[in-house]
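What follows is one structure encoded as structure tokens, with my remarks underneath.
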């Protein structure tokens, strides 16, 4: 891995649920916003719905330890595998000065043509940018 | 008042914040969804962004008593005043079998032309529908 | 499967994101609220944080088709496997009159003792209730 | 006014609703998190529910201009008036390099004793801290 793309998260008061820690559904908002920033950083454009986009096909999250309002956390985002029409992304929620993540996310994102309404190959320039950023082999 | 438009609310687990009751920001999601249903019912169409719409210009909420996960609540929605380019809406969050509301909302909505990007007069047919539904004078 | 526990979902205006359909993070709010209702129905009590509880250890969601504001959807919830200290739950988001789900969720929930702060065996009476409700073998 | 307490806001992808800008209900999450930070900064402690707290009694928001995902915004928070058992807070959402706010919030917060479950006088040391921070007269 050549890059660690890290997005500090601003926890909101109402991210905390009746259990006293960040609600599990909110984690996905964190992963989402980090994903958008990652694509913006690596692809140099905001991926939007008017042309090709990357849509989330599946996501798996392991909740390892709770997150509290006073925690200082970041999301670390990486693309770990590029397929023909999809990619695999790994994200972790990590707290300051900790090595073990609080949560781990593995997702599959599909390249989608919004006009044709179907999956398409990842554009060559996007593929190149992901490979360069992540140090992935062709 | 000729009609009480009542929208039962499905409270979500994560509407509850660290204080143990529905977070004050969530009330606005309830008011919002009830507002959309009200317009759909009264105007017979979904107000969307492609033509004229009603956008919220200001809102005032009084929080009178907390709402808990086990409460059964509804939002009661009324338009109480029609002006030239705006209307005044009153909403209340009421719990089953209670007369005093848990929260009271007064908002001003402006009729907006999305193409011209400016406020416009409330269309005559909308005005008529509001008047008929609410029993308001011209 | 002997029971289909079905929770109709009230979609909120702001569940819709900039893509025009229900945001993927919001699906988890739907799964969550259905989970709480399921436990309340099957165990006959609200699972809360003051004693034993069931906490979510991992979740996998497949997003199969988008959900729109005008869709009428439910979450179908089942417990499909009981282990010693955990259970496996399967949930689906299904739209009215459709057979294919819009999303599929598989989660592992761990029985947790909030006082001892560690996983514990699923209480015998809970186990019995899950088995009876779902027609699961011992 | 002696201090401008400013809280930069991290906008999340799903803060944007189907209209293409930050949903009005989300503004209240921004105001909320800024309020918590303000109290933490001025009172030097996290206001929690186990003792005295400040609860929101009413809020009025004027929505002046929409906020978009790419905007860089902050919430500016001030206490403008101290009463016996309550205070008046003014908050604004301001975008980078702009003078006119995108939204303006005026709220009344009541000092509340969670054990007695009733409003109480603002503690003398809190009153002093607010006065010092904001340059308010006794």
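The chains carry the letters A, B, C and D, assigned in the order they are written, with residues numbered from 1 in each.
Keep in mind that, in the parts below, a contact is a pair of C-beta atoms (placed from the backbone, for glycine too) under 8 Å apart; a residue touches a chain by one contact, two chains touch by 3 or more.
Predicted model, so just to flag it, every value in this text is computed and none were measured.
Distance between Cα centroids is largest for the pairing of subunit C with D.
Comparing A-D with the candidates A-B, B-C or A-C, the pair whose contacts agree for more than half of the residue-numbered pairs is B-C.
Remark: among chain pairs B-C and B-D, B-D carries the greater number of C-beta contacts.
Each chain gets a centre from the mean of its Cα atoms; for subunit B and subunit D, those two points are 24 Å apart. The centroid of the Cα atoms in subunit C and the matching centroid in subunit D are 35 Å apart.
If you average the Cα atoms of subunit B and of subunit C, the two centres end up 30 Å apart. Across the assembly, subunit C contributes 13-14, 18, 20, 23, 25-26, 29, 32, 69 as residues in contact with two or more other chains.
Residues of subunit C touching subunit D in their complex: 13-14, 16-18, 20, 23, 25-26, 69. Taken in their complex, subunit C has these residues touching subunit B: 8-14, 29, 32-33, 35-36, 46, 69-70. On the side of subunit A, the complex with subunit C involves touching residues 18-20, 23-26, 28-29, 31-32, 49, 55-63.
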